[in-house]
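When the chains are written out, they are named A, B and C in that same order, and each has its own residue count from 1.
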Amino acid sequence: MDNLKAIVEGIVFVSESPVGLKKLKGILKDVEGKEIIKALDDLVEEYDKRNGALCLVEVAGGFQFRTKDNFSPWIRKLTDIKPVAISQAAMETLAVVAYKQPVMKAEIEKVRGVDVSGTLKGLLKRNLIRMIGRKDVPGRPIIYGTTKKFLEVFSLKDLSELPTLRELKELGE
Amino acid sequence: MDNLKAIVEGIVFVSESPVGLKKLKGILKDVEGKEIIKALDDLVEEYDKRNGALCLVEVAGGFQFRTKDNFSPWIRKLTDIKPVAISQAAMETLAVVAYKQPVMKAEIEKVRGVDVSGTLKGLLKRNLIRMIGRKDVPGRPIIYGTTKKFLEVFSLKDLSELPTLRELKELGE
Amino acid sequence: MGYEIKLDIFQGPLDLLLYLIKKNEIDIYNIPIAVITEQYLEYIDVMKSLNLDVAGEYLVMASTLIHIKSKLLLPVHDDTEDEEDPREELTRQLLEYQAFKEAALNLDTMNLLGRDVFKGGYLVGSETDGEHSLEELSIFELVEAFKVMVSRINPGEIMEIDVERMSLSERMNEIMERLNKEKALTFNDLLGGLSDRIKIIYTFLAILELMKLRVIKAYQSKPFGTIRIFLAVED
């Protein structure tokens, strides 16, 4: 396909969420995976080199066009944009879920030392975390984990890209 | 402004509706109108010449990035498989089926207080619920239950992983 | 002492303690409990005098601190050499909390979509209206939808939904699925292969429930003979 790169560009541009290789393969049936990867790589490089506001990034298991971060002051001047804000309390709860997942509410509360019902609910509503199942212990408490949306919002390819957590030194053991 | 072209590009890219000159002027206060027009013209030309899927077009009194016409067959393939949103009404019906299954239509309507024929049909079509049988009583009403797909979509191992009302209450109001 | 700090900037008792430790340049592995307890209680008093709601967690921590302090004052017995330092658990908690607090700050420095970077057509309304695609539906929305409805109907009809009930539904669905395919099943077909006691019980309850609902029928050709199950209504 001559214009594979352009087709990939169009598909990624039109999609609302990051487009993974699997989806591209599903649409471009006759094209080999490695050719698609090559097209994506070329696009990433092209937008990188070009002196524009856009870049193609790999997040949440797919590719997405975004503005480069140094343009945010201008974008935020758009009156119809309400910047995303996450409170410190919510961010702390989110951090515990992200690093300790799958994690129970009681465990989060033990770490933070406060009731986390409110922040947990807020994060569920924003689809940054989700209930991923139940723990196989008496009472079968719900366990929580992060979502794909979490990866998308925090510009992470996958969970292994989370910044490392400071080593917790074991005390008196 | 050196990077005026890039700033304009970023603003237009991020906006959902076409961005007019007036809006751009409002954001780029110190920049003269004709400079902004020049930046827009340059961008239109650049995307035109480039061998990509995108173009910058003037529509509805403003500028907007779009895919070029000849890419529409590919884009349509994408929208065909694009997951559709589920309405609040459908979600409510689905919730009643999930929690009260095996359940008859009349019971769902009693809880929801409205006719649910439409939403039931939609949920059946999406394979989120199914007819699991008929009751041997006059009228032989159909009884409904959720499907394997339902578990898949909500990332549940089985129905016992659904959160209970008490657990939801614990998350606070 | 000047309390220039707004108390609601603390994320809880652990956060306040960390602040006090930092302010006094204290070694977290060797916390002078008496000093810290005194300062902590002063903060609580200030909160109260400002008519701020002092969350219960702050008071629990206050009593923990006092408890540790009193333990440290007790004379050490000879046979308690194994006993751990009463401050140890607190130190462990503080260190863990500190690590996650740092992690939260790190998360905040990432390029946040909608704050630092933007995707095409990203506008208020387009994203926040809860328009989630079918692929990533959250159970939370489902449960919320149900809760809203339950609050609308009269309280007498609210049934307590529990895990057991849902396990039962799961088994009922499985039985109906098999019956729709295989038309007839014996008790043995359903129960035979099961080794999990709980599952056997649920399967049996599910059969009874489906019979009660008149969705399936069970027949037995002779006493103690094979019990066969059929759909009550053939489609």
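Keep this in mind: a contact is a pair of C-beta atoms (placed from the backbone, for glycine too) under 8 Å apart; a residue touches a chain by one contact, two chains touch by 3 or more.
As the structure is a prediction and not an experimental result, all values here were calculated from the model.
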Going by C-alpha centroids, which chain is farthest from subunit C? Tell me that one. B
Ranking chains by how close their C-alpha centroid sits to the total C-alpha centroid puts first chain A
Rounded to the nearest Å, the gap separating the Cα centres of subunit A and subunit C is 22
If you average the CA atoms of subunit B and of subunit C, how many Å lie between those two points? 29
Cα centre of subunit A to Cα centre of subunit B, whole Å, reads 18
For subunit A, give me the residues that contact two or more of the other chains. 13, 65, 67-68, 75, 80-81, 124, 130-131, 134, 140
Touching two or more other chains in subunit C are residues 118-123, 132-133, 138-140, 163
The subunit C residues in contact with subunit B across the complex are 118-123, 126, 131-135, 137-150, 152-153, 157-158, 160-164, 166-167, 169-170, 172-173, 176-177, 179-180, 210, 213-217, 231-233, 235
Of all residues in subunit B, which touch subunit C in the complex? 10, 13-16, 65, 82-86, 88, 91-92, 94-96, 98-99, 101-102, 111-113, 126, 132-137, 140, 143, 145-146, 153-156, 158-166, 168
Subunit C contact footprint on subunit A (complex, rising order): 13, 16-17, 57, 64-69, 72, 75, 80-86, 88-89, 91-92, 94-96, 98-99, 110-115, 124-125, 127, 130-131, 134, 140, 147-149, 152-156, 163, 165-166, 168-169, 171-172
Within the complex, subunit A is touched by subunit C residues 11-15, 29, 55, 57, 61, 84-85, 88, 91-93, 95-108, 110-124, 132-133, 136, 138-140, 163
Contact residues on subunit A for subunit B in the complex? 3, 5-7, 9-11, 13-15, 23, 26-27, 51-54, 65, 67-68, 71, 74-75, 77-78, 80-81, 105, 117-118, 120-121, 124, 130-134, 140, 142
